[in-house]
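Each chain gets a letter, A, B, C and D, in the order it is written, and its residues are counted from 1.
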Amino acid sequence: MSSDKYLHFENDYVEGAHPKVLQSLIDTNELSLSGYATDEYTKLASDKIKSACNRQNADIWFLVGGTQTNALVIDAMLKPFEGVISADTGHIATHEAGAIEFTGHKVITISGVNGKLIADDVDSYITNFYANPAYEHTVPPGMVYISLSTEYGTVYSKAELEALSNVCRKHDLIFFIDGARIGYALASNECDLDLPTVAANCDVFYIGGTKIGALCGEAVVFTNANMPKNFRTIVKQHGALVAKGRLLSVQFCTLFSDNLYFEISKHAVDMAMRMKEILISKGYEFFIDSPTNLQFIVLDQDKTQKLSEKLKFTFSGKTADGKNIIRLATSWYTRIEDIEKLKDIL
Amino acid sequence: MSSDKYLHFENDYVEGAHPKVLQSLIDTNELSLSGYATDEYTKLASDKIKSACNRQNADIWFLVGGTQTNALVIDAMLKPFEGVISADTGHIATHEAGAIEFTGHKVITISGVNGKLIADDVDSYITNFYANPAYEHTVPPGMVYISLSTEYGTVYSKAELEALSNVCRKHDLIFFIDGARIGYALASNECDLDLPTVAANCDVFYIGGTKIGALCGEAVVFTNANMPKNFRTIVKQHGALVAKGRLLSVQFCTLFSDNLYFEISKHAVDMAMRMKEILISKGYEFFIDSPTNLQFIVLDQDKTQKLSEKLKFTFSGKTADGKNIIRLATSWYTRIEDIEKLKDIL
Amino acid sequence: MSSDKYLHFENDYVEGAHPKVLQSLIDTNELSLSGYATDEYTKLASDKIKSACNRQNADIWFLVGGTQTNALVIDAMLKPFEGVISADTGHIATHEAGAIEFTGHKVITISGVNGKLIADDVDSYITNFYANPAYEHTVPPGMVYISLSTEYGTVYSKAELEALSNVCRKHDLIFFIDGARIGYALASNECDLDLPTVAANCDVFYIGGTKIGALCGEAVVFTNANMPKNFRTIVKQHGALVAKGRLLSVQFCTLFSDNLYFEISKHAVDMAMRMKEILISKGYEFFIDSPTNLQFIVLDQDKTQKLSEKLKFTFSGKTADGKNIIRLATSWYTRIEDIEKLKDIL
Amino acid sequence: MSSDKYLHFENDYVEGAHPKVLQSLIDTNELSLSGYATDEYTKLASDKIKSACNRQNADIWFLVGGTQTNALVIDAMLKPFEGVISADTGHIATHEAGAIEFTGHKVITISGVNGKLIADDVDSYITNFYANPAYEHTVPPGMVYISLSTEYGTVYSKAELEALSNVCRKHDLIFFIDGARIGYALASNECDLDLPTVAANCDVFYIGGTKIGALCGEAVVFTNANMPKNFRTIVKQHGALVAKGRLLSVQFCTLFSDNLYFEISKHAVDMAMRMKEILISKGYEFFIDSPTNLQFIVLDQDKTQKLSEKLKFTFSGKTADGKNIIRLATSWYTRIEDIEKLKDIL
């Protein structure tokens, strides 16, 4: 519900929680539950996620937000002197305010293609790295980071994911998938992945809640009983241990009941595809072809200015020829009527 | 509402949010609000807190939890090589899993009295510090940390607080008050402080929400337009920037409407005083005389075991003669009937 | 003096100290001198360097090695959340084993030209950075780092240096010059810079000793009375404070007496130019045109193998077509007879 | 050789290197040796130290100074969230300018006796630590740190060392001994330890060079093939990798040839014992009974002032009744004539 004159497509966290998620917080509010992730809903939500991932030996942990999760997982799983490989457009390379470096780790960038890291490029990087006799004077890569969907809304195919997984195994690298928007990726028509396949192909990933229907929360999945020892202490050391852990666990319990997480995701992608059709039909230029809830178009300054009078969007940079890259996002909340209004504005 | 057979007095975050706080999240859920602490409720809640503190030039920032707030405020306000002085029993010295040291800062401990840091002891420490010709080889103190109420539920008097404030000004030290339980301190009969007096006597403090009626959230008050520059970036660097900032701001808006924060606090302290009377009347030994919502008693192992069959409490250490120090806590949720049940159990 | 069958051109730190430098350590060995950079030679060497830089208000500090100096200067001068801009080929971006990130700072890379950072590119980067409405979510650049000479032996012209200096002033960025090989740069025929000009155009730089005639040691020059407060403590916090500070100060005293530093530098560059002539005359392919003591040639694997039987050199990476980039270095020790032997081998 | 009017007893690093050590730098100066601890003297010195320790499976590494070594060994061997236990008077707890906390680790202090940590106290600390149900919210100890000799010149007996070693094994703690002055400890009449016994009873220790005859340098001994993997990279990441590694290795080669290290140590302790006799005979009050090269006396302000006109010493704090604790140190350089002069002054 817009509290102002604008139509809101600037991001996927502009409204609160999905009503069912909120209701579950209401329903459980007066229960006496122990703190710091020892409550029974943490157990319950973990079990639901393990089932959804078809990984009974997974370890699950709930955190508040994406930056926190990226920094914490990377720092907890790497040795202190190791770096993490990311596409040059990767979220941790561009948008985390140095949260990774704050924990002492270098983000090592490799040029990506459509926002994606290519397995062969990682393979070459590692091979060249150890071919250099002076490699001990540089940062040894210990992890590969990708996000699903990517910063540009694109998705990895099963073949691409498996290729990355194989390269990581070959070179003994931890494979970490940032799934802040994983629901939208999996809901995409172009995507041939599901949660069990993702879980089977990486060491650790997370299932985003903040951007997919929760008030806050990300569920980290250590896919193979490989959660670092003393993890509760590490989480607290990072300032990320929530006293009322129920806030996270209850929400995820609901998101992973009755297929809600996937319905929310599918709804948003459906809305985005409608938006995409409209954009195409109106002749808008796309920056990239995205099959998920984020759509990127290219506008000149005049058009940008004009649209900004009625529409909230995100500025995502400049093209080589100086035009604006504009991002439009859908979410659980986006209604057909919003898309219709958008159509009128466009 | 106990979800098990136990009576819950183990802490003040065992239930969810105060109903009015929860209701405000429901009421605002579908509003489109901008992210990362730029929403209008952040502005509104900040204004309410400034008024409550009678500090129009204060800067306010909302964070998720106590450890995060302690580590972030200390790291953001100190120079990288400075340390923070705390009572040896202070929360940051004993219970933060090294979150302060994680940011590179030493916690310098001085023996406290009843959990409190004494101004004269700080004064002496600083004087001796700079009297040492080799002081450049040690950690220069840049901040004094106390909590209100303390780890043992005790409160500082106005005179004690002003004395600490004066010592800090004398030696150019930042004075930081951890107010995770400040409501309970101010609601205590023994306390001659109010929010404006606290704000007037320190550089930065925070008003705890997590332990006083919110699902989560702490409101940091930089008392004199002294929030560090680039603070949003610093918060993100620490993994502490919440996308749906509304989660925090809406709750604090409600806590600081219609005197709710103080009512919640007073209720919990009233319940604790009833509990205290019962404990006294039943002849229990107290570890310390606390006027706030945390009560500490001393039990032998047998009695501890027996009580633990019906009652949830917190183990807070051992006395010199090997007995258990047991902490009982009240909160917004504690009802007279819970106190009555406790009376029966005791 | 080769202790093996090889001719040594692998780097400029393969022998010990220049005899005059060593002699000064012998001459002063039994003097009782106070520790931790409080000795009289620290004062004397500082004065000599200030004079050589024509900066009477400079602050001077002596450290042990290059990585230490880069990490310490960057960390001490940046705010904790700021990053440092470097050419993508810069030493801190490629060869410091993450020592900069270890202190929490991101190295922000911009494509360089011949190893050099171009002022206009920095200017554009900063302009675009603040044009992004979401810049608070990324790492704010606080410093520009270059090295003189660069990783590829190239030198900045006075015009290039002044352009960078102006961009830094325009955007309020600290300008830091890594001068581990500054002597060789200044001694180059192509270079129109001298120490006073360097000092006048940056905020902080260092004069390398380890690679230019000392056993160890780098002299940091804060050009405008801008050494960070509490610097001795910061140095110790970084594990970089030497008890017998005389080890560094006495060596620099000698290096900056009787023009020795510049003579050593000129000698090495002269030897390198002789080597370059030979390489040209023998038809070797150059990777880059370097006017200083480092020369880079391109060899196929067979030739590399063959040369490696008699010659020590450094492998500096691969060309696009898979050939080896080989680095040859001269130093204070390189003798005409070594160049003649090299000629025979080549 | 005093360069001023004072008699120098302020510390054991006031003169340069022992003449034999310096001579070895001269003798090897023109040898071409590879950098970064890959030279043949590093191998040779390591072998000599392994033999002296009677530990053929030890790993040896040479660093520049004590603070650097303490911070690096602690950080490299602990997990990032672990703390290190030290006596409250321990060097890392009091005199390292926060270098340990800079690497993210808490120094956990336990009251010592005569500067020494008592095995039973460590045992109790660990037992109580894990008896606390909330231990996950505090810093888990991962290492025990002592120094030999201690900050007050005292030494551990073999029985005391073995007791600590046993406690560490019992609780799976790394046992680290700071041996910045280990030679003086071992040379003491009161000491029933030797290098092989020290090496057999700890996981890692170092043999101090800076304070015992070298220009700089500490030799770290990982006693059981337990040097952390990638240690060269870790050392560089900490800014502690010296390009001309020969500077350290050549000196230690000499120190561990012909019993020199032990002769230097014995000489200094002999001189200190002469000094002690004089102090006793003149009725001086001792702060502590030290059998090594550091002697601590207690003086009132007048006497302190008077002595300071002719004598350099170190101020080491205040007694409870406000008197000055004064430290006098001997070294390789201290001559009988210096002791005689001191006698006259006293």
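Everything below uses one rule, namely that a residue touches a chain if its C-beta (ideal position, glycine included) is under 8 Å from a C-beta of that chain, and two chains touch if they have at least 3 such contacts.
Please read these numbers as outputs of a predicted model, since none were measured by experiment.
Any chain touching subunit B that also touches subunit C appears here: A, D. Summarising the inter-chain layout, the chain whose CA centre lies farthest from the centre of subunit C is B.
Subunit B has its Cα centroid 33 Å from the Cα centroid of subunit A. Centroids built from CA atoms put subunit D at 41 Å from subunit B. Multi-chain contact residues of subunit D (touching two or more other chains): 81, 96-98, 102, 104, 136-139, 233, 236-237, 241.
Of all the residues in subunit B, the ones that touch subunit D in their complex are 81, 83, 94-98, 101-102, 104-107, 128, 132-134, 136-139, 314-315, 317-318.
In the complex of the two chains, the subunit A residues touching subunit B come out as 1-4, 6, 8, 10-11, 13-17, 19, 22, 25-26, 28-35, 40, 64-72, 96-99, 102, 210-211, 215-216, 233, 236-244, 246-247, 312, 333. Residues of subunit B touching subunit C in their complex: 36, 75, 79-81, 104, 136-140, 230, 232-234, 236-237, 241.
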